[in-house]
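Note that subunit A is present in both complexes that follow, paired respectively with subunit B and with subunit C.
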Partner chain A sequence: MQNVEILLIDEKPKKRFCIKRLAGKGKPYGFIGPLSLLLFTFYVIPIFLSIYFSFTDYNIIKKPGFIGLSNYRDLLLDETFKASIKNTFIFTLGVVPAQTIFSLFMASWLVSRGKSRLTEFVKGAMFIPVISSMVLVSIVWRILLNGEGSPLNMILNILNITQPNWLGDSSIVLFVLMGITVWKNTGYFMILYIAGLMEIPKNYTEAARVDGAGRWRVFYHITLPLLKPTTIMVVFLGMVWSLQTFDLIYTLTGGGPGNASMTLVLHIYNNAFKNFNAGYAMTIANILLFFSAMAAIVQKSFLKKEKSEVY
Partner chain B sequence: MKKILALVLSVILLTAVTSTEAMAFWGKKEKKEKLVVWLPPIGENDKVVWEPILKEYEEANNVDVELEIIPWENYSEKYAAGIASGQGPDVGYMYAEMFPQFIEMGAVEDLTPYLTKEDYEKYIYIQHGKMMGGMYGLGIEAANPAVIYYNKDILASIGEDVPVTWEDFIRCATKATKDTDKDGKADQWGFSQGWGAPYFGDLNWNWYGFLWQAGGDIFNDDLKSVRFNDKAGVKAAEFLRDLKFKYDVLPPYYMAQTNKEMLQTTFGPGKSLFSIFLSSAAGEILDKSFPDLNYGIILSLEDEDKGTFASVDQLVLMSGAKDKKLAFGLIEHMLSTESMTKFHKHHPRAPIAVGEPYQGDPRLQKMIETQEGVYRPLVVGPHGVEIYEYLWKQLQMMMAGEKSAKESLDEAAAYSNRLLAK
Partner chain C sequence: MKKQLGRLILILISSFMIIPFLYMFMTSLRVTYTAYNFKFALDDLTLKNYREIFYNTSFIIYFLNSLFISLSGVVLNVVFSSMAGYAFAKLEFKGREKIFFFMLLTLIIPSQVTLLPLYVIMRHLGWLNTYMALILPLPTAVGVFIMRQSILKIPRDLMDSARIDGCSEFRIFMEIVLPLIRPAIIALSIFTFVGAWNEFLWPLIATTSNSMRTLTVGMASMNAQYTVNYGLVMAGATMTFLPSFIFYILLQRQFEEGVALSGLKG
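Coming up: the complex of A and B.
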């Protein structure tokens, strides 16, 4: 005899597990679920863990012991930390405007010139540093800059120009590193700006031209406001990258000479992996997180304000 | 019931088939125990040199030995990460600065219970394994002191003899610093000493020797405070600072290059009278890259005392080793007279074990055999890495002209003493 389920009038059918039904109801959650889980596991949890560990003497291997605010108190006495904060801000304040202006200038020039062999070559040349490994870039720059016999110094010598001590002079080393960073990043931001410029409807600029606006006026009153979302992204990304700059400085100077090029991330790395003071490193990381969060908040408020100004 | 019976029988059959005896019966090898060894590169192609030595131990003990050569850059970081993740080695190589942290973490095994009376007679540098209340290593790399190289032709050209004291050194360096091509700029330097190393490794030749020569030291005897900022320390630091700011005998790029780079770019091409680096650089850098260079070697200058740095790097038994006896056996095999004789044939160094012939640089043999005590390793003290790193940065600031000798040493000492007081 077959097993037949008889459904009475006042009974509801048993709900069976059905992926189709689940997907129907919570479709959006189904899509964002896996990624949210990954984000939560690898981004949110570590943030809370780092806050917890900053109150401990965790050294990677031993079980962490609670030490209260001791790590935060040590920060106040740490001369290297003070130097790293100062350098990180100088670095960010120097690099972000420079790479933003330079990439905007290059993108505008390339778009205005249209497609030609020259523009294609410039685009390619500008993008090569972006795709090059930072370690490789650092090695090449060290060869270019270091010592009397380095290629750059030899050229200066031929031109009878005094050779600066590029990586050994405390007063200029940070600016040299800033220059290399701008050179490395500009190509990437230039591509973002090119995309932004291509999106601007041509009839806007054409209408302005018909009304008698010159190139500068068109750029200032039409192009620049329409590029605001791109600019905000370029500035924000640039800020985050600059605040977190590590590999170039680690490979080229190690934060030296002295603490002349020490940055927050380098100080975090040294404490965590060289001194094995992971608790202290996470204390510094929390300070960096605070600054990055501030940058994000500022960017968000800008985005809110400036939305749909022209469109 | 039948199903359950079949399942039980299947499990019994599977167990019988995969048991050790059954594996042997079916001709499959029993899974061997594995020992992991981490070493830095002592010379070139170390793996090729070590492999036959390790194979002997593999065959004699029915064990697999896996050797990993880890570059010097990030060497200690690799250990920390490996130990933290439970993927560290069974046998490792450590230098003095690494020890305090790993001993404090309990990552390195005290070898006292493993060592026999014969071991104490067999290993030449065994006394250097004693540190922080235990015996934590057996020397594998030693007697490679930091030396001052001098250019014989330049020395002859300025009519001077090989310097003995600090005063001699300054006089010779000052005389040698000159504009040889008459273009208005100096192009020959007294002392090609580099202060641009990103990390504290260059303290080994730039600082410790001069500190000891002045009669100073790093730690006080109880290892609870430092003493490098005392009168002797300040004297040594001022001597180094004066080389730039009083006598101006260093090349202009002295803050950008390491000592190794200085040897390659300045001393090797004959552009400086003195340079300072490891003695092994004579054969490995100068003879290979600058065969025509006419140079000599000074082990130590003399002030209140003589002294120069020579590390004693050790093989250690890691606490995470599963079979510690087997791993210690491997250490003994690697350091045996026979193994070291084979190893040093490829990478010439002074003997490690009694009975090993001298296979190092023949020019250094007399110096190494008679001057032990003048060359010496660091005392292993707590917070070594942090203290040396901080001190290096402070000395860099001093050499860059940002601080006086006293200011930089006092700042480093205050930081060090805060750490040691914890």
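Coming up: the complex of A and C.
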């Protein structure tokens, strides 16, 4: 087939498109070229730059000077870094299970109810926070949470519950931010779960029901195992997103009070663009990259195992 | 009875999702310097805030910047991703699997890690405070993945017969492949648009001049400046929310397909 194709093209040269000429013999490379170039320039080169900068005292203005591992040593003494690591982990460990369970619950509930006006409405409602920007979410939630007369606090007032200082109390601020994140992300993961649930052949669950398995047992022994690839995806994406949390915290608390809601990315941002300590910022960035890569490797290995078991 | 209770809980959950936005919208229709008179009475509604933000030239600049950047990002991403997706799905070439794998690998790189190097690169190119810096980094490997998946489904015979008829590879792509993957193109378009529209950190860093700022960056600073007039902030927030919302309402099905498709990557 391939030979025929080349012969035909050689025999009667058609009018030449710019892209075709550019590609010449390596036509396929012409097709992947533009995107490869962008991804290479804006993803691959930055990674190497980031690793390089972490060994320098670069501050954006002057030329970077090599200082060896000194940035990495500084990490060990940096209290804010420790706080940001701790907070990022608490954040991830809280948000990921909560949004996974909540989205799975909502998805299976909606699917089991079938398509109706109500379920479509719920699906749409769950998705509204997903499509809005984090900046907007934080602006709205700040007003909802702040001040004695804010709507939420008014409701609590009526119920005679003392209103906590949502964003100013260092013992709860992180949990408030986690709550908002779960609220924003659940709709997205719910759609993933709905897609996963739709792919499960109906006769599997029906057969189990005929054999006398209850609803819960069907869910636990059939639906849940078949949803494993989706769950791995939801957990992986949830982890990566949580590790990268920035917009919400930047606009809502700025990492405060104290360092109570400081996260890795905010610490990177502060060091790079506020303290002008770019080399050090990249050192923290490499730690974040390391965690993301770990998450990806774990996900890959789970998926591999998954394939050999199921397919 | 049980069914009714379920319905009630579902409505409660939905309200919990919607009320903040409803509140945003209601507040935007009031001239309020307190923000704390949470009432659904419809007596003192006014469009004054909207009039005010649309008389504000900064706001219009932000809005147009966001619109231009997002739409350009959509065009760039759709064109480049579908081209690459076609090559990965239907053309034979050396290193195909490897290059595809490396492209997908870029997806795990947190954009915050590349942020500062990206800033350095853009500064060297002299692109800070230009549309180039805001648009060119928008395409990601997600697009290739979505495109490749849907082009794989096109039967090979269709292209082979076109080839025998003497159709060039580029024309096959333009006239046979693109029309057949329209749903995926729409999904990727909405995806890119909403993503670019909501992007915050990169525009915050890459722009310093007011005339290049985007709506999210403008909103964040507006929020800091005008904390006294919540109605005005909320009118701005509503305008930030509206384009994505309209897109979503119009193309809900494709949007959800896009989420499902891009999320289920291996």
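The criterion applied here is as follows: the second predicted complex is superposed on the first by the 269 of 311 C-alpha atoms of A that agree within 3 Å, B and C clash if a C-alpha of one lies under 4 Å from a C-alpha of the other, contacts with A are read in each partner's own complex, and residues count from 1 in each chain.
Going forward, a contact is a pair of C-beta atoms (placed from the backbone, for glycine too) under 8 Å apart; a residue touches a chain by one contact, two chains touch by 3 or more.
In this text, all values refer to a predicted model and were calculated from it rather than measured experimentally.
Asker: Between subunit B and subunit C, whom does A:128 touch in the aligned arrangement: first, second, both, or neither?
Answerer: A:128 contacts subunit C only, not subunit B.
Asker: Name the chain, either subunit B or subunit C, that contacts more residues of subunit A.
Answerer: Partner touching more subunit A residues in the overlay: C.
Asker: Determine, under the contact definition given at the top, whether A:296 touches first (subunit B), second (subunit C), both, or neither.
Answerer: second
Asker: Per the contact definition in the header, classify A:254: touching subunit B only (first), subunit C only (second), both, or neither.
Answerer: first
Asker: For A:80, select first, second, both or neither according to whether it touches subunit B, subunit C, the two together, or no partner.
Answerer: After superposing on A, A:80 lies in contact with subunit B but is clear of subunit C.
Asker: Answer with first, second, both or neither: which of subunit B and subunit C does A:143 touch in the superposed model?
Answerer: A:143: touches subunit C, not subunit B.
Asker: Once chain A of both complexes is superposed, is A:60 in touch with subunit B (first), subunit C (second), both, or neither?
Answerer: In the superposition, A:60 contacts both subunit B and subunit C.
Asker: Touching A:195 in the superposition: subunit B (first), subunit C (second), both, neither?
Answerer: A:195 sits against subunit C, while subunit B stays out of touch.
Asker: Quick one: is A:68 in contact with subunit B, with subunit C, with both, or with neither? Answer first, second, both or neither.
Answerer: It touches nothing on subunit B or subunit C.
Asker: Quick check on the superposed pair: does A:273 touch subunit B, subunit C, both, or neither? Answer first, second, both or neither.
Answerer: A:273 contacts both subunit B and subunit C.
Asker: Overlap of the subunit B and subunit C footprints on subunit A, residue-wise?
Answerer: Overlap of subunit B and subunit C footprints on subunit A: residues 60, 147-149, 250, 273.
Asker: For the complex, which residues does subunit A have touching subunit C?
Answerer: 1-2, 4-5, 8-9, 12, 14, 17, 19-20, 26-29, 31-32, 34-36, 38-39, 41-47, 49-50, 53, 60, 106, 109, 113, 118-119, 121-129, 131-137, 139-144, 147-151, 154, 183, 187-188, 191-192, 194-196, 229-230, 233-234, 237, 240, 243-244, 246-247, 250-251, 265, 268-269, 272-273, 278, 281-282, 285-286, 288-289, 292-293, 295-296, 303
Asker: What residues of subunit C sit close enough to touch subunit A in their complex?
Answerer: 6-7, 10-11, 13-18, 20-21, 23-24, 27, 34-38, 79-81, 83-84, 86-88, 91-93, 96, 99, 103, 106, 108-121, 136-137, 139-141, 143-144, 160, 163-164, 166, 168-171, 173, 194, 197-201, 205, 216, 219-220, 223, 230, 233-234, 237, 240-241, 244-245, 247-249, 252, 255-256, 259-260, 263-266
Asker: For subunit B, which residues are in contact with subunit A within the complex?
Answerer: 74, 76-77, 80-81, 83-84, 101, 105-107, 195-199, 251-257, 261, 265-266, 385-386, 389-390, 393-394, 396-397, 399-400, 402, 411, 415, 418
Asker: Under the touch definition given earlier, write down the residues of subunit A that touch subunit B in their complex.
Answerer: Interface residues on subunit A, with respect to subunit B: 59-62, 77, 79-80, 145-149, 163, 165-170, 250, 253-260, 270, 273-277.
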